[in-house]
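Pasting in a structure now, in structure tokens, and then I'll have a few things to ask.
A, B, C, D, E and F label the chains in the order they appear, each numbered from 1.
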Amino acid sequence: MTSEKSVGSGLRECLGPHCSFLGLAVPECAFENAGAVIIPVPYDATTTYRAGTREGPRAILAASRELEPYDEETCTEAYRHGIATLEELPVVVSSPRDMLDSVRVVGAQVLRSGKLPVLLGGEHLLSLGMIEAAADHFGDLSILHLDAHADLREQYQGSPYSNACIMRHGAALAPVVQVGIRSLTAEEHEFIRAKKIPCFFAHDLHRDPSLYARVIPCLGKRVYLSIDLDVFDPAVMPSVGTPEPGGLSWYEVIDLLRAVFRERQVVGFDVMELLPVPCFAAPDFLAARLVYKLLSFFFAGAARPPC
Amino acid sequence: MTSEKSVGSGLRECLGPHCSFLGLAVPECAFENAGAVIIPVPYDATTTYRAGTREGPRAILAASRELEPYDEETCTEAYRHGIATLEELPVVVSSPRDMLDSVRVVGAQVLRSGKLPVLLGGEHLLSLGMIEAAADHFGDLSILHLDAHADLREQYQGSPYSNACIMRHGAALAPVVQVGIRSLTAEEHEFIRAKKIPCFFAHDLHRDPSLYARVIPCLGKRVYLSIDLDVFDPAVMPSVGTPEPGGLSWYEVIDLLRAVFRERQVVGFDVMELLPVPCFAAPDFLAARLVYKLLSFFFAGAARPPC
Amino acid sequence: MTSEKSVGSGLRECLGPHCSFLGLAVPECAFENAGAVIIPVPYDATTTYRAGTREGPRAILAASRELEPYDEETCTEAYRHGIATLEELPVVVSSPRDMLDSVRVVGAQVLRSGKLPVLLGGEHLLSLGMIEAAADHFGDLSILHLDAHADLREQYQGSPYSNACIMRHGAALAPVVQVGIRSLTAEEHEFIRAKKIPCFFAHDLHRDPSLYARVIPCLGKRVYLSIDLDVFDPAVMPSVGTPEPGGLSWYEVIDLLRAVFRERQVVGFDVMELLPVPCFAAPDFLAARLVYKLLSFFFAGAARPPC
Amino acid sequence: MTSEKSVGSGLRECLGPHCSFLGLAVPECAFENAGAVIIPVPYDATTTYRAGTREGPRAILAASRELEPYDEETCTEAYRHGIATLEELPVVVSSPRDMLDSVRVVGAQVLRSGKLPVLLGGEHLLSLGMIEAAADHFGDLSILHLDAHADLREQYQGSPYSNACIMRHGAALAPVVQVGIRSLTAEEHEFIRAKKIPCFFAHDLHRDPSLYARVIPCLGKRVYLSIDLDVFDPAVMPSVGTPEPGGLSWYEVIDLLRAVFRERQVVGFDVMELLPVPCFAAPDFLAARLVYKLLSFFFAGAARPPC
Amino acid sequence: MTSEKSVGSGLRECLGPHCSFLGLAVPECAFENAGAVIIPVPYDATTTYRAGTREGPRAILAASRELEPYDEETCTEAYRHGIATLEELPVVVSSPRDMLDSVRVVGAQVLRSGKLPVLLGGEHLLSLGMIEAAADHFGDLSILHLDAHADLREQYQGSPYSNACIMRHGAALAPVVQVGIRSLTAEEHEFIRAKKIPCFFAHDLHRDPSLYARVIPCLGKRVYLSIDLDVFDPAVMPSVGTPEPGGLSWYEVIDLLRAVFRERQVVGFDVMELLPVPCFAAPDFLAARLVYKLLSFFFAGAARPPC
Amino acid sequence: MTSEKSVGSGLRECLGPHCSFLGLAVPECAFENAGAVIIPVPYDATTTYRAGTREGPRAILAASRELEPYDEETCTEAYRHGIATLEELPVVVSSPRDMLDSVRVVGAQVLRSGKLPVLLGGEHLLSLGMIEAAADHFGDLSILHLDAHADLREQYQGSPYSNACIMRHGAALAPVVQVGIRSLTAEEHEFIRAKKIPCFFAHDLHRDPSLYARVIPCLGKRVYLSIDLDVFDPAVMPSVGTPEPGGLSWYEVIDLLRAVFRERQVVGFDVMELLPVPCFAAPDFLAARLVYKLLSFFFAGAARPPC
């Protein structure tokens, strides 16, 4: 009778317009009917600069409730496929690895249910839990990593579990393709070269936009998509911890991802590192719209004719 | 199966920790079991200076979810008596009088159910709807009005339905006692004198704190309590539209109201005009704590021995 | 002898650099000499999300006082044609329709005086009052509507007078051309198709910039121009209530409107929905510059050779 | 015909509710009828910590327009005695001494006209210009200085004209009495002792409130009153450059100054150093209310019976 | 030759006005000469509501650089006794217990050097590391705990190392006296009664200020002083995570602690949980002034006659 | 032994990660080894609109400490060439000319040492001191001026030393080339034509990007580069005093300056007028990244092959 029905061991769903993505009501927000599942995780314990990405999931959900549920580009109402929203995953403070394990367990549950998991951060570290779950679930997985930073360090602050290291772990689990990178260390650059990681630097994409077309061929059939919002230019996405000038525009990201969803099978995605700026909601709207746009691409499918 | 169970014609309750006062879960937040009912109304259409009291109810509810549910002064857990939270009342834009009617209808329903209505504003105009409902329901009613402003104008901006006029209407329905006033016109002062309204000015209360003891004898047996948060000193409550220096302290208000709850029958109350300041949550906490403190007084009752 | 000389029934002008657009002094800001008249209306009663567009007109005027009065593109000083600024139109709280009537009356007076009316909002609903006045005054009128939202609903919040509905009314008065749309309902999309409204979606304009050239041929000889500032991309205009990514750039809007002013007769325009963000003045400057740029286009006329 | 009528060499008045104190209209805001003259000076060039007191005068005037023009304590409407507001004094950047000279000239003009000058800062340095004018105009003058800081340094940043030094200059022109001090150097403390300056430290006033009664006997018949707003406790006045805990309350300041106005002849006063905090208007209201309260005391006079 | 001279295994001092408390230069800020040592720890990993106390130490140090180094109450310049400032302690993300161990090690080093350790947080959890070090170093220790919250839970978020639990640990190491409490659970209240912890509730102190005199007799000879800044009333200290109305004033805290420093031997203290509010520096100044006031009390000693 | 070693008459360097650009430690931040010298000047006395560019240098340095020291475009670590950071230049309040003299003296010292001076403002006026020093030091100098404003007035606010006038002085010392201009007076436009100053207006560069290639041929061999950050579009650089729409993008500026550094000898540069917006750090990062990007270009040299 409560608003948070249990939907598995430890999973509880949010029912009703006060807490669901888009402000959906039953039946569209019910877990059992849902094609996709939003997983908000308000955790930012290992960030070392500005705090606050823990506020990200709430800000995205709040902005989502102001969106029109119709997508004029695909002429679809994706919410009709069902979008469940889980309660915020409880924060575990004992260690970052413990928090990751919690994400991985939830991710695995959602994947086993045949629904699309959509992680909302929170700090980028959390994506590793979803990547682990996805790599476990699918034998063949590619990771598409959109970010300003390479996140390929071996360790940081004396720990291997940090934002700065997640794709080092990820690369050990599945092939990684990086897009939008414009901040890394000499060592990370060396690692990219040594491991032949396809890395599309932001300044190269700016100089030669035709490079975008080379991203998808680097990806396998099944793709996990991890988006650190700082991949966007700070003009449209200033609400991140370490904004780097020279990033991607809304349409550059959307055009790339439309093609990815059309030509590959996306098995899960995340939108991470929103650090809401007080009184400045435009970036929160962008993040919410991005999530819904990707869901529209997902549900529209490859076969759909343009409207 | 949704989180907003209908509890009467048009009333819908919020179930679960995401939307209820204190973050209560069922059964403590269920309407049918509740001794008190929170009614949030995000409306601020007739304010003419700074906008934003529409954000007040959400800010109070958010802060309430961080409160401890125990009151160390009364040694009670008031929430065990049941505190339901209604969905935000839908805003009606056709006219202020239409909005007032909507509040009055809800207030009447809650009063008929024998529960204590607690209105969260939103602009002070809304209180008039509750006062109308209470005056209708109870033959003999007194109004205790805590405010920096007298709100006794005949009309304002060419309309009789405005924040600046509500106690002019109120005084026609039931005897009014005013506490904390420190901003009014010469005409309002003349009206107070002509109508012999017991008005305890802030500067007099400062000069002679023993005046507080004279408030309760002015009140009848049944009291509706209307609190404009600007009655508090701006030191503790800067988050209002027109803050006036020289207001009441936390303990001055609490000590007065503890006595009111002990010596009179409070049949409803409201906490109005919170205009949340970005990044500055202390006043939101004060408002939330005030609501719970008054509920603790209400449920503790007069008979309870001190712990 | 006061600073607000009456200039007709109910109209009062602001004289002097403290309150006029650009900080103009007499004679450039005197109503009788003015070619254009700024009409600020600080009203936002029917917005339902964030409040605050009532602060818009003041923010635009404040920023305008920091502008250079010279336009380097047209090599003109448009203010020499006279730009009067009216006092803020008094807010009417009795009902939205009453407020609209007040705008319509002022608009009609300015139009009868042969001057160009320039409405500064405030919420977009107000534009309808100006459109009504213009449609009344001119037999043949086209409406050019720049917005992120279609605003074509039949009603909203139980009322036909809402931001979300104004172009539904507008379309009944004169043919409407829409530019920059990227948020609407399935029903509104259907209405656009059914009524064959020329609607230039933002994503189409992005994909094919040559579409801009097709806007003007859709317009009749006389044009009323209504600009909801959210037509701009949030990168340059985050200070709106519901920012939508993927909007138009400064030069895209300016290049389109330069052509409109050159090839059509603009009989009035409005710049609406600025919701100023504290400490973040760049969007206020954009709005002020936009108004002056359009006035420069208006006064420069079609015949003027480039400097 | 402009809104800023010239009222002497270089003085220009603001006419009309958009720019005058309290939003007064003619005749109450006309210079020729005025008993008091507000002089706003938006200058903060020698402050070395946070910038922004230049915004102070505008913030005080804006808040003043929301005040009721009636004072319920004195039962008066002080504005009926006429309160003119001058245009902001133009900032002179050539040197601090040049700026001071400009203030002194204006102060002298107002004093010669027999009206009460009321300076609104801006930085505290400016008070010295008024003090020089007043000391020049009146043979016998006392200075009452309310401040958290002693401002008695010999020089600061290599210049004798700095906020930190003004009472060193002031003390050479007229006897100074200091109230509320709680931040000074050992050298300043030594100077106070050596010169036997009556200095009422905040911590002493806290410990023994009866000390307030000793302030007035230290003052001569004619008093210039200089208020650095940081004399107030930061609880009610956080909007200053260097807030110091342990300051005076609203009623402590008002009670002291009521007595000063009753028992001495105040020949001018200033309210300085407001550094407005974005979105946090309560301190601006306090400053505006303080100005009007002091004007109410001034015009009510000693003889008036309490209402 | 660097600015951070190593002063022991892992300890590095900050030299020079850019980073030291009060902006001290050598020799006053040199570790070897110092009587007291400031230990800033920018850690807030286990807080679950608003993030940001990691910014606290930097804000306190920045504000301290604007303080006068003279204390007018004690007529002393405490900095002449030497106040060293350590570099920010590196954050350890592996687990809260690991972070605590790091604090404990530093605390022990400072205590062994015979200097007074002064911890600046950061979240209150960190105090436990200092308490462990002090309890280790001194056989007989009392803990004086100023806080709005009892912090006596057994565990929180599934971990015993959390802000909400630290005095449960502390009470096992040394007798605890609590002052200012006004938020706790029924279970914590029961624990206080069962363990006979002297707990001075805020509402009791308000009702009967003579209770303050009973605090010191509850303390042993050697005292570790732990201050959660939310013990202050939010009027003066709104910059905390969970502000509770009804707290202590500046003079109430200072008067109590002056007596503690005079009548007991304070062996270390901490000032925790500052969560700086943007553009609102007054609370940062209070925290900085508090630290220096306590150092003035410490160095002035019991014997010193009043100036 | 202090952290600020004296490095000449009056120059003091900041040593250590707390205060140096990029957070460099010795030996990379030592003056004697440095190829470039950062000169922060927190001065904004002659700005007349919003105050606060005095906070600019600190904000740039703070952001710089979060940058990766590697530049992925040039594959270099420019810091290895040594980047010293001077202490903030003491503010001189006696007159703007005195402040300029102080900058000129420091600039001359750095130039004589053969290092590259990099001035961080603070208001744009300060650049004139560096230009004077550079024009003095080098017989043949060109000035490349990136700005939204022409800054070519003869005087402003009765003084020739103002932001609005600096290039009038500059043009008398060396040929000036202007890029990005989009705000000026008719008189300034006339001056540009009369003096045949190569001025690349923003709207022309937008219309015809090939114009960028014409900038460098206008420059002599040795170039002093002065950047007012408002040359950027407000989308990426809103943190300036008078933001003007229609500015340059990150890549437009970087592409131009890469070529300048490759084809000319830059002898010094400045990055001016950052007015940090609270809670909005992206523009501070842009400014810091810009400084480091230009240093990377400087040290990479013309000969270096692309990585």
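Everything that follows uses one rule, which is that a residue touches a chain if its C-beta (ideal position, glycine included) is under 8 Å from a C-beta of that chain, and two chains touch if they have at least 3 such contacts.
Molecules present, by chain and UniProt name: A, B, C, D, E, F = Agmatinase.
Just so we're clear, the structure is a prediction, and the values are computed from it rather than from any experiment.
Common neighbours of chain A and chain F, listed by label, are C, E. The chain with its C-alpha centre at the largest distance from the centre of chain B is F. Note on C-F: its contact pairs, compared by residue number with those of A-B, A-F or E-F, agree for more than half at A-F. Taking the mean Cα position of each chain as its centre, A sits at the greatest distance from chain D.
Between the CA-based centres of chain A and chain E the separation comes to 40 Å, rounded to the whole angstrom.
Separating the centre of chain B from that of chain F, both taken as means of CA atoms, is a distance of 56 Å. Touching of two or more other chains is recorded for residues 233, 235-236, 278-280 of chain B.
In terms of which chains touch, the assembly is arranged in some other way, matching none of the line, ring, star or all-to-all patterns.
Checking each pair of chains for touch leaves A-B, A-C, A-E, A-F, B-C, B-D, B-E, C-D, C-F, D-E, D-F, E-F. Contacts from chain A toward chain C in the complex involve residues 66-70, 72-73, 75, 77, 233, 235-236, 250-251, 254, 279-283, 285-286, 289-290. If you check the complex, the residues on chain C that touch chain B are 44-46, 48, 51-52, 54-55, 90-96, 157-159, 161-162, 278.
On the chain F side of its complex with chain C, the touching residues are 49-50, 181-186, 189, 201, 203, 206, 233-236, 238, 240, 242-246, 277-278, 280.
By the touch rule above, chain E contacts chain F in their complex via residues 1-4, 14-19, 25-26, 30, 87, 278-279.
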